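Have a look at these structures, which come just after this line.
You will see chain A twice below: alongside chain B first, and alongside chain C after that.
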Partner chain A sequence: MTTTLRRSSLYVPGNNPSMLINAGIYGADVLVFDLEDAVPFAEKDAARILLRNALSAVRYASAEVVVRINSLSTPFGREDLDVIVPQRPDTIRIPKCETARDVTDVDRAVGELEAASGIERGSIRFMPIIETALGAWNVMEIATACPRVTALNFGAEDYTADIGAIRTKDGTELADLRARMLLAARVAGVQALDSVYSDVADDDGLYEESRRARILGFDGKSVIHPRQIPVVHRAFTPSEKEIAAALRVERGLAEGKRMGVGVVVVDGKMVDAPVLKRARKVLELARAAGALPKEEESSCR
Partner chain B sequence: MNSGHENAVPGRGVAGSFESCDALVVVTLPLPLPGGGASASGGVSLHLESPSLAVCGERMRRVALETLRALDVNDADVAISDRGALDCTLAARVETAVRRARASAEVNRP
Partner chain C sequence: MPLNGVGRDVPDRIPGYGDARPFSADGIAETPLREAPETESGAETRGRSVAKVVPLERSLDLLDLRDGMTISFHHHLRDGDLVVSMVLDALARRGLRGLTLAPTALFPVHESILAHVRAGVVAGIQGSVNGPVGRAASDGLFDGPVVLRSHGGRARAAASGELPVDVAFIAAPTADPEGNLSGLSGPSACGSLGYAHTDARYARQVVALTDTLVPYPLPRASIDQSCVDLVVPVERLGIPERIVSGTLAVTKDPLRLLIAERTARVLDACGVIAPGMSFQAGAGGISLAATAAVRERMRERKIRGSFASGGITGDLVAMHEEGLFDALLDVQSFDTEAVRSLSRNPGHREMSAAMYACPSSRGCVVDRLDAAILGATQVDVDFNVNVNTESDGVLLHGIGGHMDTAAGAGVTVIVTPLLRGRLPMVVDRVLTVTTPGSTVDVIVTERGVAVNPARADLAEALRKARLPLRDIGDLRDDAYALTGEPEAPRFGDRIIGVVEYRDGTVIDVIRNVV
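This part shows the complex of A and B:
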């Protein structure tokens, strides 16, 4: 089993040549080139052409290349797809998803463009963004709308504005959405990615929010500045202590299996199949992040 | 970013900026004559200003001219103020300026 590493998703404004060209040097797992909110209406045409050229000229190493298009309900969304899909981005981030149809409409358009561009049909993946009450209500149908969906995201600012909540530092107002989205993602077998932390100067707050998201089960977090990347990676990468504990669990249960027992005691605690499942997730994530000790590289394959 | 109001001049399109790694491109196309057709072709006039003119000038000129040719632009005044744009950026700014100039000329068709 392989884990797609999406600890950090760096938003990059689509009409900024300097940032487009340098986006790959900061080590983000995912680069989200933004044609939507980061680009004013008058520059949508310029951003689309600039991003097309950048995607065909710049290699972004191992980062997943994602493009956030404008919604198909705007005058810009369809043209974004026409220009960007032939450049074979790994993934399209679909803003303001409220129903399954918001995903299937993009699926149809991308399918036609893949066929016309000689790209294997279905190879471009989707990340729907939940930003409204209706989207949150329908998150399950959105998550399962199409096999292209690979991760769910949410937009905290738009969502809180839509539901009439007060935006707080500890995110109380987002608790229901986070729980709902996480469950839908797990039912659909896709990843769940947390929203941005907009106070770029507050590393401690960012780390704390990221850590809480990981505790809830989230796989990563969007960031708006390169300096946030190492902080988010620290929160979403298993620590040496976690890795060591996971390895002890794996070894303990392997030993138990040899002795014909399904439950063993490790570090004074009962360990059974669900504990092993969690331990394996830690080890898979650690391996994907290159954090596994070399001698253990093969143990969790 | 560019000062968008310059696009309001009929037949003129502006794209890009004076930011680092960008270029500001102004393309002026001949306006269609009343009754159809365009004014007599004067070819492409290209003015290029760049801090790296001595080293990269020829290549930048080639990128701009190839982009114009790909867009079937045979008659235009093009002014480029480069701030260290890569080829892909320069080509994008030229293309955007041409498209905006065409849209502006279309709107102002007599």
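This part shows the complex of A and C:
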């Protein structure tokens, strides 16, 4: 299985032409073109048309192209899909998911549009967003609602407002949601992505929050400004030290196998299945991020 | 018609200009320079029969003034300059006609010149034109072409006699009664007077205008009394807040920051960011941000550089004071911090335009530069750069030191967004060649870095550093894919501008826009 690199997901307002043209140059792993909260009601149709044209005209290199549509419960959601799906985005971000049905409704609509546009059925994937208490409660059924689901997200502001929590810098109020969402993601075999850090000027705070998210097991984080991308990448890319340790584990194991030794000890610790699993995950991520030392690239394919 | 060394169609003879020597890409044309005419002043002040300090009207009595003569100005007072219009008004009152202006540059404030052109007082311009005067030139206001020269090229032309200056009017923020001049203090303080040196030395007559007359002797003068015929006290030389800016803010635009950061990586990969380095960057948004990115790298690695040169900013002053550069060589001080530093820091030194960039001098600073970061209005697939004409073909900008620093620097980097608004900045063929592609090494855009094929050494270094290298043609294709191929503006048959290369050959001509 190859690791889909989703360290950073850059939100790009769907109603800003120059941002749409230049979104791809900052090196974000994922581009999230937003038709929902970033676009005022009066500009919904203009943004939709603009985004359609941008998707058909601009090449976004290697980034995953994601569109955050408006919820199907609004007057805009269905039309968003009608216009955007034929442009073959990689993924649809579905806002305000509260039940499996919120996902399967979009699945049905997208399936019809795929068929009508000659796109292989099921090829467009989904990223549901959890933004309410009900969504958080049902996160497991949402994660497993349909095979298109590839990653889970949450919206910190809406969620904390809904549960009546106070927003803090260290995110105590989000601890339960993060833990719950991560578990659901792992059970469903999909990725978990952290919410945005809204203080654009505070690189240190962003790094700290990103690092903590990675420690919890998250695969990446949404960002709202290009300057946040390198900070988030730094937090979500294995460090040289981590990579070196993981390589020692792999080599130690290979060596042990060759020598016919049953138990292998690396860096003073016995290498058992979880240690190996962690090491492999580090190396997969490092390879996907291009952070692997050159001579190792071929050996750990 | 023959094509010159950058493939441009330049006639042998240009009406109002004369014989044109075609630019050759093979090397610099030699210019023999003359000795400075120290005792040939045409003003009636020799033998001390007249005191040097006289009112403006009286100075005009004493000068040898003729219709059709050439008068020069420097641009250190930038958009706050009141001297050009003050002098032109006085000459107009005297009934002089057909004058050639030889300013080192003009700014929007100089729009007042246009009335004198229409009245016949001013017939032509040899010098940089910016803004309204350039637009008027493109509309065909002048009979002959504007002659555009770089700072180095102008110094060369003035020293060789190709640009014979009859009277240099020098705005002097401080002066003493014998004509020792300084830009360091006074309400119109502008710091360096670098662009005025050549004229002070070679003009047939030299008049200093000042609003701050101090007792003799002014201890630190940048132009000394042996060059100056007359000193004219005036009430006000300029509008201070338009002479120097406050601190120039570094851009927050992520796209420009991306290009700036990438530029620093390019310089690093080329081995420029190393002990003893020398460096020049413009004062445009990307260049300032690139300087900041270079500064970070120098700090991190505790690198002590040799010098930074050109237009000096507060950022460069801070780098000097922090010990990142031993010296600053200052041809023009951009902000108040640079003006103050020139008084305060012995390592911050004024330099003349000739020392800065004159290709026929006995040695110029640009030849010692490890790297230059320069902007562009357009770049083409042959790496030629246009800084003079806008995409609608109108002459709106001077050359500055662009072609001089590009020719001299070890690594010349052009920084530009690939798109500005809906316009592509990398094109098939620039509208005007200002700086030949043979002197440009690297182009840095947000969508990739292009290296001049002549610099395979640099390409290899940049590839190793994993910079996003692109073929220049691919960058153009990327731009055209988004904007379409721009239709060329419609030019007429009249040549309204001659772009001289720094050696006095003609690199391009600019035609009127119809």
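One rule holds for everything that comes next: the second predicted complex is superposed on the first by the 297 of 301 C-alpha atoms of A that agree within 3 Å, B and C clash if a C-alpha of one lies under 4 Å from a C-alpha of the other, contacts with A are read in each partner's own complex, and residues count from 1 in each chain.
Simple rule for what comes next: contacts are C-beta pairs under 8 Å (C-beta built on N, C-alpha and C of every residue); 3 or more make two chains touch, one makes a residue touch a chain.
What you are looking at is a predicted structure, and each value in this text was computed from that prediction instead of being measured.
Enquirer: Now for A:Val12: first (chain B), second (chain C), both, or neither, which partner does it touch?
Expert: In the superposed model, A:Val12 contacts neither chain B nor chain C.
Enquirer: Name the chain, either chain B or chain C, that contacts more residues of chain A.
Expert: B
Enquirer: In the overlaid three-chain picture, which partner chain does A:Val85 touch, first (chain B) or second (chain C), both, or neither?
Expert: neither
Enquirer: Pick one for A:Pro226: touches chain B only (first), chain C only (second), both, or neither.
Expert: second
Enquirer: Of the two partner chains, chain B (first) and chain C (second), which one does A:Ile21 touch, if any: first, second, both, or neither?
Expert: Both: A:Ile21 reaches chain B and chain C.
Enquirer: For A:Ala42 in the superposed arrangement: first (chain B), second (chain C), both or neither?
Expert: The answer is first: A:Ala42 touches chain B but not chain C.
Enquirer: Where does A:Arg52 make contact in the superposed view: on chain B (first), on chain C (second), on both, or on neither?
Expert: first
Enquirer: Starting from the residues of chain A touching chain B, keep only those that also touch chain C in the other complex, and list them.
Expert: Looking at chain A, the two contact sets intersect at 21, 57-58.
Enquirer: Where on chain A does chain B make contact in their complex?
Expert: The contact residues of chain A facing chain B are 15-18, 21, 40, 42-43, 45-46, 49-50, 52-54, 56-58.
Enquirer: Would you pull the chain C residues touching chain A in the complex into a rising list?
Expert: Per the stated touch rule, the residues are 254-255, 257-258, 419, 446-447, 481-482.
Enquirer: Of all residues in chain A, which touch chain C in the complex?
Expert: Its residues touching chain C are 21-22, 25-26, 57-59, 225-227.
Enquirer: Within the complex, which stretch of chain B touches chain A?
Expert: Residues 1, 4, 15-16, 19-22, 85-89, 91-93, 95-96, 99-100.
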